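Worksheet for the structure shown next.
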Amino acid sequence: MDAQSDSAEHQRPTGIHLDAAAVAHPAVGGSVAPMGRETVFDCQGLGVRYHGTRALRDVDLQIHSHAVTALIGPSGCGKSTFLRCLNRMNDLIPGAAVDGACLYHGENLYGPDIDAIEVRKRIGMVFQKPNPFPKSIYDNVAFGPRVLGMKDSLDDRVEQALRRAALWDEVKDRLKSGALGLSGGQQQRLCIARALAVEPDVILMDEPCSALDPISTAAIEDLMMTLKNDYTVVIVTHNMQQAARVADITAFFSVDQGETGPRTGVLIEVDATDRIFTKPANERTEAYVTGRFG
Amino acid sequence: MNGATRTATAAAQRSVHASLTGHRHRSITATIFVAFIMLSTAVGLISLAVLLFTVLQDGLPYLDPILFTNGPSMDPNIAGARPAILASVLMAVVLVATALPVAIGTAVYLEEFAPKDRWWIRLIELNIQNLAAIPSIIFGILGLAFLVRGLGLGPVLLAGALILGLQMLPTVIIATREALRAVPATVRQGGMALGATRLQVVRREVLPAAIPGIATGSILGLSRAIGETAPLLMVGAATFVSFNPSLLSQYTVLPILIYQWIRLPQAEFQGLAAAAIIVLLVILISMNGIAIWMRNRYERKW
Amino acid sequence: MREGLQEELDELCGGIQEEGRLTAHAVAEATRALVDWSVEAFEATLAAEVEVTQGYLLTEQRVESILARQAPVASDLRLVLAALHINRSVERAAHNAVRVAHLATPPPRRALVEEAVITDALRAMGERGAEMIRTAMDAFERRDANATRLLSTLDELVDRENEKIADTILAIDITDPELRQWASRMLFAGRWLERVGDHAVNVAERVTYLVTGEAMGRPGEGA
């Protein structure tokens, strides 16, 4: 990946836009990789170790543009670890080591010349607990563009990001007031707006609704459905129903208990969400989604 | 509802009532404990009140303009504390300019950038903890040996300020690290996830968020240094200085002047010492006040 | 809120409405094929039924997906359950239309008066059946709980036409094999057209359940 200093010229890869019905019902097509969506991530034998202890192994998974991909599974199955591989946030955890390949538009994110900072500019992330900076609403959204040097028409950029995050109407009259004064749900949408402001290609969400009430959760879920029209969205959720509601593709991770070794996360099955929740191919998936395990 | 059922229901209600109203009389241990902690608080408050009262009673009559305009004299009627007050203020300025940046810089490095699992980092951390526990007189001896004699600075204000700064370092470093640690890790992650570098995240998010804590710690450390006597005695703060101090001149500071006056036989000097104590107290209390004000101001804003 | 679910429910209802429209068309065409011996109407009936069957399968898949993914509750849940039933009734009605179309035979012209009575009754039943399907689907569209009563009344009229057919057939000379064959076909046609009316009533009943939450004859529920 070339280090693109002029981010204003940063081009989002343009996928072919499907009609709404086809996007909403990938299962009707019956294919995991519907036509017209390009492969954004192609993980090949991806694994993670923490201080030498294997936490995740051999994940082969493709993630496609203009779709919501959900990662589900029991605690400790490595779904969050996997998500953090996609924008190299694992680099920040001392002792974490990634093996295998994670191709992003064909380029290995863990290749020798790749700059993690550049990766994170293109692949935004939203966290479990809303984490706005202790600043004004405006400054929160403007943070990314400012540090990346996208200073032209900052006001427009902030407004666009807030609009896309469906927050503009609620905050347009108090952009200069503190972000911590917003409700939890608004804070999380602010964090989404903050991620959108740097014009990423992908939005990763790590259990984005687990700290929110049902109404705010519904608002964020609606937002995910809208965002997939312009972005590739990957979410980790411990709430199976949420995956069922919002995701086009669902990947089920689980834990392999070695005889002597530690518990290791593995990818069990990935398929169109309809299939995962109606006729999963793997019996472990069946046991998990029916609530008989985990 | 028949009679038996009604009786049973009433009994159940009584038992619920009994369990909810509980035991009015708590155990005797609890009473003793509350009495003990209230007494402890009272000891501190009463001593402080007595101290303040005595100082004010002795010192207020001597709190006049002469105290601020005149230099020291053996005649209590014209003796003042001007050089000592000025030296204390100058010392505070030097401390702010030298010790604070070093301390905050150290804390930021240790907290945000240092590889935490390296043995030498842990050694440094251990030593900082230890430094905070070293008696101030030891710092004085170090200053005498290293700055005054070793570097040949002589018994000047700069040497005193540097040694006070050194003594202040661990306090401010520890306070700043606490303040940085209080900034949630999610703020750093949020910044990094947007493609900011670690330096950008620290400079734009972490440090501003930690400012109230850092300011509080710094001012508390500073006020402790301003009230310090022992190390300055070691590095040769003079007791009788009648000229305005500069960085490289001889000097005295308020605590030392107070110490000197109290030792003099005349009763008037006792009063003057009390007045100087009032001045010192006002300075320290205003510095602490600023610390509290800053903390509240930032907390209210967010 | 929950735009995803709302979108899917709208799609579900839209699909069923289309099935209903095609079914009403199929019933009308089948009647035309039956009494006017129109080949074109016969083929139109079959084509419409094929489409209805496809719609039926798609609706079933949508219901499956909504139940699996959206966990609908309250009125959403009633809508999905009602949709499942309505889907089935509409598909059955379309299937009946095909059976009717297959029974089309010109009358042998041996008992002109009776033949005319029977043909008119069948035409009336078919037209009414198609109309009833449209009314029921309209009630579903408008969430009109009161359509059940209207449709039950209409269904009685259909039943009466059917009885009239049976009575008329009893009155004619059955010894004539050609006439007998024709009459028995018309008897069956009447029977299938009568079932169309029943399906329309079923649809309306499900709409009442959808709106009020009360299903007729359910144990443990008031009256």
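Letters A, B and C name the chains as they come in the text, with residue numbers starting at 1 for each one.
The rule is simple: a contact is a pair of C-beta atoms (placed from the backbone, for glycine too) under 8 Å apart; a residue touches a chain by one contact, two chains touch by 3 or more.
These numbers were taken from a predicted model, which means no experiment stands behind them.
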Check: How would one label the connectivity among the chains shown: line, ring, star, complete, or other?
Finding: line
Notebook entry, point to check: Which pairing of chains gives the most C-beta pairs in contact?
Noted result: A-B
Note to self: Rounded to a whole Å, what is the gap between the Cα centroids of chain A and chain C?
What the structure shows: 48
Check: How many Å are there between the centre of chain B and the centre of chain C, using C-alpha atoms for each centre?
Finding: 88
Next item on the list: Using the touch definition up top, name the residues of chain A that touch chain C in the complex.
Entry: 20-21, 24-25, 27-28, 215, 218-219, 221-222, 225, 241, 244-246, 273-274, 277-278
Checklist line | Interface residues, chain A side, partner chain B - complex | finding: 87, 89, 92, 94-95, 117-122, 124-125, 127, 129, 131-135, 143-144, 146-148, 178, 180, 191, 194-195, 198
Note to self: Please output the residues of chain B touching chain A within their complex, sorted ascending.
What the structure shows: 115-117, 184, 186-187, 189-197, 200, 204-205, 208-209, 301-302
Note to self: Quick check on the complex: what are the chain C residues that touch chain A?
What the structure shows: 1-5, 7-8, 11, 58, 61-62, 64-65, 68-71
